[in-house]
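One structure, as structure tokens, below. Some questions next.
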Amino acid sequence: MRLTSSAAGLFPIAPTPFTADGAIDHGSVETLIAAYLAAGATGVTVLGIMGEAPKLEPDEALDLTGRFIDGMPGLPVIVGVSAPGFAAMRSLARAVMDRGAAGVMIAPPPALRTDDQIVGYYAQAVEAVGADVPFVIQDYPLTLTVQMTPKVIRRIVEDNPSCAMLKHEDWPGLEKISTLRGFQAEGSMRPISILTGNGGLFLDFEMERGADGAMTGYAFPEMLADVVRLQAEGRRDEAHDLFDAHLPLLRYEQQQGVGLAVRKYVMMRRGFIASAAQRKPGAALSARAKAEVDYLLARLAAKDPRAAV
Amino acid sequence: MRLTSSAAGLFPIAPTPFTADGAIDHGSVETLIAAYLAAGATGVTVLGIMGEAPKLEPDEALDLTGRFIDGMPGLPVIVGVSAPGFAAMRSLARAVMDRGAAGVMIAPPPALRTDDQIVGYYAQAVEAVGADVPFVIQDYPLTLTVQMTPKVIRRIVEDNPSCAMLKHEDWPGLEKISTLRGFQAEGSMRPISILTGNGGLFLDFEMERGADGAMTGYAFPEMLADVVRLQAEGRRDEAHDLFDAHLPLLRYEQQQGVGLAVRKYVMMRRGFIASAAQRKPGAALSARAKAEVDYLLARLAAKDPRAAV
Amino acid sequence: MRLTSSAAGLFPIAPTPFTADGAIDHGSVETLIAAYLAAGATGVTVLGIMGEAPKLEPDEALDLTGRFIDGMPGLPVIVGVSAPGFAAMRSLARAVMDRGAAGVMIAPPPALRTDDQIVGYYAQAVEAVGADVPFVIQDYPLTLTVQMTPKVIRRIVEDNPSCAMLKHEDWPGLEKISTLRGFQAEGSMRPISILTGNGGLFLDFEMERGADGAMTGYAFPEMLADVVRLQAEGRRDEAHDLFDAHLPLLRYEQQQGVGLAVRKYVMMRRGFIASAAQRKPGAALSARAKAEVDYLLARLAAKDPRAAV
Amino acid sequence: MRLTSSAAGLFPIAPTPFTADGAIDHGSVETLIAAYLAAGATGVTVLGIMGEAPKLEPDEALDLTGRFIDGMPGLPVIVGVSAPGFAAMRSLARAVMDRGAAGVMIAPPPALRTDDQIVGYYAQAVEAVGADVPFVIQDYPLTLTVQMTPKVIRRIVEDNPSCAMLKHEDWPGLEKISTLRGFQAEGSMRPISILTGNGGLFLDFEMERGADGAMTGYAFPEMLADVVRLQAEGRRDEAHDLFDAHLPLLRYEQQQGVGLAVRKYVMMRRGFIASAAQRKPGAALSARAKAEVDYLLARLAAKDPRAAV
């Protein structure tokens, strides 16, 4: 099971469930996987920015990855391996690939500025993890401060046959998807998979611009999968109706910093995980914020019964 | 007419209307003012980040300000005077105050980092514009990269009696409003007006947290004014219903970089201004993007007839 | 008198002399010009980052420029016109060129990241100031955070015939000079003038790498001119001997933030200007720092008698 | 052997010696230690920014640390444990302390902005590594972009009894040392050790301002130790004479990015290490740059015979 450039559908960004005392909650890993499968996930991404990966010991990270691989047989598991140094990136990449991962996701370090620096970095990263390991480019300037033009992405894709996917979360980014698909249409770039992040805030239109699916952590993966499917079936209005119903909550979740706390809280309310706890240090959700999320859930339930908790 | 700490309601951030050849379109300034007044604006802000202020000659900036002052008699006009140097800030501030402006808005320059640097900068700015000129703190870390804690804002408020208002657009920022209102409640900070920006993306809850109103440029100022009013009247569900109906378009408009082009396009479609043109250099809206906005407008019109164009 | 790509020698970055109460000290402008001419300056740059330009009113800026133009007849005066908006850049550029300036210097705004953004910015700037106005690229990533590769500089040079000079202050930057001169040697870039900044910290080797001279504000312009001349004459060891004698003081001056205060203090001690005052807000030099500078001056005077004050 | 707040003298920042094929060169670790001891080092810092730590596997990092501990008996070994996550920081800190390290050095992550964020981060870091582990604050805004005021440093010192030392490399930073020593003098901050970095560029005056010594990687540790000693003995002019003789080379080494390549090259020429190789990816020194360093060494040798190679 290797990640390929034809990957599509929904790859949830999985949070790491913890118990209140900070241990990984293995039972919740199982219920979370069950929820993803029920939602129609076609893969999963672990150890992403939202996965609290930097708080995990190496053994924990590898064990967690293995549980997802075992729990989602036949589906590709992508592992975030971004690291300040290539030694750590290589170790983790080799270990998870040996364990059965489908590919790795690599974000550029914030210090990169020029086009050549970015292209050079991915060349070095591929050398570090091995040219046989499929990888995903994470393009997330809002958080990472690294700006990749479509031409830079094309250079990375063309230089590295092991590049299978772009995780697109530039903002604004709709034109970027159109430009990249235009490169493919004119034959100047080979096809790659494009899954979109950014909390799903533009998923409705991203699918229309040519995205292959979603890779984000919104606490209703069913909605993400449904919008992807409806758009693929050409049912545009239905896709937007469903998306719009969720947008008030999705928008609330998408706040940087506090977003993970919101997601875990909703997932707990929905029974995906037993506790909303984050391993220290983690942002706490105020009572006021919880009440706001409850209000949003109640309003959503009137339109999408799956939100009833 | 001086800006005071009891300001509330809707202060739209006004764009600057241009003709296709880059001249200021004075007729559109009139129709824009009429639209704001019809929407229930209680003031207006000109020469803000969205107002293309850096593209205006000093004479143009002063003339434009005067037109808003004359066109909205009895209502406070706030003028953005942020500048890389205090000489330009002082010149503009004195000129617009002489012309009848109610106060000025000052954003911190991006290089500021430490708490003391930020507090010190506002002390210098007040010395530059004059301690008799009411001013607004613009707290917009997403764009300006300057992070002000609530305690820093309190220091600025307490140090400078001429501070009348906070334009709040931190993200996430709901807890910040609660914290500042808590300072007031405990008596450690004098009351100030808090109007919220960020494209209105969290206006529904910001009002519940204690904001006094909105200061942003969404192309449906009626919605902003209505949400502010409904929340003030305690009609929470109605406020959220209206807000949610607009959220898909509002979210689309809120994209950094392309947002102004979307706003001007919608305002043109609505008859607020004659042309969506930006003075060079400006971002163009692709045909694809225009079609997306049209689609959003059509969907919105089904819920809010004012969106029918 | 137009700036050309054959400019060479010493273009001091001129500070703006103020009296203790913040007025421009016109008498000190005269003595400063006399000092520059005596040092062998082949041009001068005003309204640069060190010139406290953002503290000047537009009339003051234009008047100051005129005084340098009149005081240095036959020598090119370059004017810094970097501004957050093109309107201000254009106004100032046209005004100073009408007054007799030889060209303008344009720094990229800090938000620029990708290669295309930088190239596009200079295209817009040239459109703003006019394609007939010779301009200088300021490449100063340490302060401006914008990183231009040699290839990006080449694109700007080739796209814009009015580009006459690079003010080089990348750090480290020796290889960059060699690469650019290599472009010229291979015929892929037309010749331009390269003057170096960075406080002069690497002037000794920059000249050997192919720089045409110095554009910086070290308080001993005589040394800068001498090193440029000695290297041009092939007297390498003498150039380094002189440079090394000045390095302890030059290094002390080159500190960001406090550097201008040091320079003005030394210039005052040397009689170039009457007062070390900066217009508010300005960094003050502590008594301890003054004593350190005095100590450095005394030590320098033992090797270079011109340092005796 | 625990690091205490009375640490003083010279703690070189050790590079990691590699063979040409990228393996750690254990023989060169021995010769490097011998050179440090001969130079009068009173401690050493390993796995710092210059130590290529991110390229080391965890086992290699621990083994390297152990070799320094064993090779410098009775002297404190400080270990850089800065990491993007607290899990990795804790693992490394506990492992090296168990192995006999004297303390750890912790740099703030670049995203920190407000005073409270910085203070909060150190509280969390102390909780992660254990309050029993002596730690060093690394204050290096030029590279890390985090700006700590003296008051913030005081808060960290006062909040955390395990804080033993400040590695000072703010720039400019002389006033900062004076301010911190002033805090101690007035009794508002307990005494800590202050060692200075920044490549040694201001060591001459830093000692006069109250620093306890140097912690940097200049390839002539003898000079650093001598300047520290001469200043402690009140032999100011001699200290400056020696410092000034080295300044041209020290300045050349201090360039960000290429600095490590220069240092390793000089150390190789001096016989401290067998090869100047960096583990990939590493900056190469051009032939031209090597010739420049050779020239600087030859010139230095005329003043300090230890530079003869």
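Here the chain labels run A, B, C and D in written order, and each chain numbers its own residues starting at 1.
Here, a residue touches a chain if its C-beta (ideal position, glycine included) is under 8 Å from a C-beta of that chain, and two chains touch if they have at least 3 such contacts.
Which protein is which chain? UniProt says A, B, C, D = 4-hydroxy-tetrahydrodipicolinate synthase.
A quick note: this is a predicted structure, and the numbers were derived from the prediction, not measured.
For the interfaces A-D and A-B, the C-beta contact count is higher for A-B. Taken over every residue number at the interface, the positions common to chain B and chain C amount to over half, indicating a same-residue contact. Centroid to centroid, with C-alpha atoms defining each point, chain A and chain C lie 48 Å apart. Distance between chain centres (mean CA atoms), chain A to chain D: 39 Å. Here the spacing of chain A and chain B, counted between their Cα centres, is 33 Å. Multi-chain contact residues of chain A (touching two or more other chains): none found. By the touch criterion stated above, chain D contacts chain C in their complex at residues 171-172, 174-175, 178, 201-202, 204-205, 208-209, 240, 243-244, 247-248, 251-252, 255-259, 286, 288-289, 292, 299.
Residues 53-58, 60, 83-88, 91, 110, 124, 127, 280-281 of chain D are the ones that touch chain A when the two sit in their complex. Chain B contributes residues 113-117, 146-149, 151-152 to its touches with chain D in the complex.
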